[in-house]
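The two complexes that follow have subunit A in common; it is paired with subunit B in the first and with subunit C in the second.
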Partner chain A sequence: MRGVCTRSGSLSAADFYASAIYFSQRWNETNSDFPNWVWIPCSRLGAISEDEGYLVLEKVKLQTERNDSNLEELNNCDSSANDELTDEATLVDVHSHYAHLYDLHIAYSFTYKVPVLYFRGYKSDGCHLSLDEIKEELPSHSVEILQKSKWTFMTQEEHPYLNTPWYTLHPCGTGDWMKLLLSSTSYGENISLIQYLPAWLSVIGQTVGLRVPLELYSRS
Partner chain B sequence: MEEEATKYIWEGAIPLQIKLHESEITSFPPPPPLMILGLRIGYLPLLVPPLKAHFSSTLPPGTDNVWFDYKGLPLKWYIPTGVLFDLLCAEPERPWNLTVHFRGSPGDVLTPCEGEESVKWSYINSLKEAAYVINGNCKNVMNMSQADQYDLWQSLLKGNMEGYLKISSRLKLGPFGEDSLPSEASETVASSRPSRIPVRLYVRSVGEEIVDIEDAPIIDSWDKISYINRPFEIYKEEGGYVSLKQALKSLLPETFNTNSSQEESGTNVKDPNAPDFEDDNAKLRLVRVQGIEPDMDIPFFWLANCLRNPEFYLHICVFISKQPKLR
Partner chain C sequence: MSSPRATESPTSDRKVVVHLRATGDAPILKQSKFKIAGSDKFLKVIEFLRRQLHRDTLFVYVNSAFSPNPDELVIDLYNNFGFDGKLVVNYASSMAWG
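This part shows the complex of A and B:
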């Protein structure tokens, strides 16, 4: 049933699809620093679905403690040496040598009727990061959220479409906090469900260090 | 009747013949396989203690990382044993021959299992999910006392049906589909909330040319199986009863219908006596629930109440064939 379900904090599969397409278009338009989100339709037994699938953002660098502190370290080193001898190219190379990359997927949960984030991290040699390694480099406020919140916790589950293990933020509390978010006055009363994903990602993104550009929240 | 069905399910077991993978045998002669019963409603990792006892003297040094395979296919440990059997053995194999490994779990394919705790967590999680499907919230499961959670799990481990039912009945998660009062879940539009049944569908496609399902080829990759974890929904106003066949068609819309004019609610309630649509993309070849092939006209709610697993999920294995397109 299509329609506004803001009072419950959840959304239908059709609305998820519409919001995903809207969100990915806006992101791709406004955010040239990051790769694009891509919609992957679900392919089942040879039939490609028209409106069931998931969003994919791959090989992205997140705003992690690690990346930030590496940058700081490099800056500190340079200031002690001769600034004029700083080689921009070297800075970038060393930085990306240490950077961990992430794949982020957003799929729909038919049980909880909310989006769910699935993610994996990789070292520069392509090896997968373990959950402990990922937690080590999350922003500190995110670790706090994860430890204290009864609403959000990280587990390893099977990806709903890919038959491989991924890390995920459990969706059982999402409806509750989305209900609060959508009913808050800053979003106004008549928020269209098209805006559901940007709103959802504004919270979820914080737990994994994904920066969401402000332009995404402006209604065009 | 439903009590008898519950008893049938709890007593159901698959005779297993489990051998140790040859790469892990360090003794001669090699140890014989272990013959053991796997509860249909149980999970393979729960068999590790007797397996370990049987094979420990021959294992190479190292830490245990247990996993199972059937003809080379690593088995997903969080799927109940009975479901794995119904799905992977088109022709029921008795005993079912499995291989156990104590080393080198394929981490790129299988989520790691750290023994009983992992299985328990996965089980409680499924129970929570089922509660959410049925009631719109998981409060009753979240609010279970530690003691109750412990007793519930122990009852499942030991196949103790009475013990289990004593605790699970307090969760008030069944029966499905009664014209019961709306739950106290939400103050919003309760009257138009549909009835939802937790369902997990496992779908295999079998070639049209395979006449006898039992000749279906062995599955060598989970990519050949579609797993659909989606509740079945029906609005009470739609009336009548929904047959198993109708329920399956509504859960697999693209598979069965060329027209996508279905309601979001997911049901397409038509005259149960109507002939098959000629424009269906696929044909149901075999449906198995708890090892039974139910009649396709069986009322779906009744089936769900009788044959669901203890965590309130109805697991259905479906074999389909694509229809050749006639133009």
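This part shows the complex of A and C:
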């Protein structure tokens, strides 16, 4: 199968590769605040492959309720141990204690013919976050999408290349909403291909608190 | 074909015309064009749609093949993706499980 299929919202493996390379280049150019996306060449058979692999963005801090909440709220939470509310050192410690980091991988699903997000979260001591702990700190908008939409829900699956368990947004609904996004434009096949991953990430990113810069969507 | 840019008035005073478009089998609003402050977040548009349609679960996206983050400012979306003096916002039903 070749090309982006706007009727089904899916794309071929070769076009996933092309879209991934183009997307990562644009992201890395425009998003200096963030680490770069890196393409890892890998095939399911274990050999190095020219056009099969996955994208990784590692050790990133995502938008969370805790990051966005004001420091006064955090202080009130912990004031049971300390009546003084103006200890600067305490505020800094509390804030860094909550700095969780995430690894995000984007791989191609040969079954559903769409991209899939695999992710893991870590505490400051390197321990993995459980799914409950991850959900606890998601922005409220993300939690709503995950709870209410039939198109995006989290499960745990084996990473297709690393053979370890990762959390993932199940790809079964992806075609449905990618269809809507692609049909909202008058893009020809080439532009649909290039814009496929940014379009996809605009939705998936919201479920995990990853903000996509608007520049990735501007047609310049 | 005009490419809108907010050069003449301060961002905080600028009102943006938003045109809400139903797609798929989503209900069509009686009134679909509204003005909103440019300094408001896109979240306001999403919440407005939810209240008007009595639906929590909507898939909301713009004509450039993406779903804006609710924290984006309406004026930024309009400046980059507006056309013909308005920002077109599409919505579809994203029904809950059950």
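To be clear about the criterion, the second predicted complex is superposed on the first by the 179 of 220 C-alpha atoms of A that agree within 3 Å, B and C clash if a C-alpha of one lies under 4 Å from a C-alpha of the other, contacts with A are read in each partner's own complex, and residues count from 1 in each chain.
We take it that contacts are C-beta pairs under 8 Å (C-beta built on N, C-alpha and C of every residue); 3 or more make two chains touch, one makes a residue touch a chain.
Everything quoted here is computed from the prediction, not taken from an experiment.
K.L.:
Put the two structures on top of each other at subunit A: do subunit B and subunit C fit, or clash?
P.N.:
They fit side by side.
K.L.:
With both complexes superposed on chain A, which partner does A:59 reach: first (subunit B), second (subunit C), both or neither?
P.N.:
neither
K.L.:
Can A:177 be said to touch subunit B (first), subunit C (second), both, or neither?
P.N.:
In the superposition, A:177 touches subunit C alone.
K.L.:
With the two complexes superposed on chain A, say which partner A:45 touches: subunit B (first), subunit C (second), both, or neither.
P.N.:
first
K.L.:
I'd like to know which partner A:157 touches here: subunit B for first, subunit C for second, both or neither.
P.N.:
first
K.L.:
Examine A:165 and indicate which partner it touches, taking first as subunit B and second as subunit C; both and neither are also allowed.
P.N.:
first
K.L.:
Considering only the touch criterion stated at the top, classify A:211 as touching first (subunit B), second (subunit C), both, or neither.
P.N.:
Touch partner of A:211: subunit C, not subunit B.
K.L.:
Closest Cα approach between subunit B and subunit C after superposing, in Å?
P.N.:
Superposed on chain A, the two chains' closest C-alpha atoms are separated by 11 Å.
K.L.:
Across the complex, what residues on subunit C touch subunit A?
P.N.:
23-24, 43, 56-57, 59, 61-72, 76-77, 80-81, 90, 92, 94-97
K.L.:
Provide the residue numbers of subunit A that touch subunit C in the complex, in ascending order.
P.N.:
63, 141, 144, 148-151, 177, 180-182, 184-185, 187, 192, 195, 198-199, 202-203, 205-206, 211-212, 214, 217-219
K.L.:
So in the complex, which bits of subunit B are touching subunit A?
P.N.:
Where subunit B meets subunit A, its residues are 76, 107-112, 128-129, 132-133, 138, 186, 188, 198, 203, 205, 222-223, 226-231, 254-255, 260, 263-265, 281-282, 320, 322.
K.L.:
With touch defined as at the start, can you tell me which subunit A residues reach subunit B in the complex?
P.N.:
On the subunit A side, the touching residues are 1-2, 7-8, 12-14, 44-47, 49-50, 110-112, 128, 156-158, 160, 163-165, 172.
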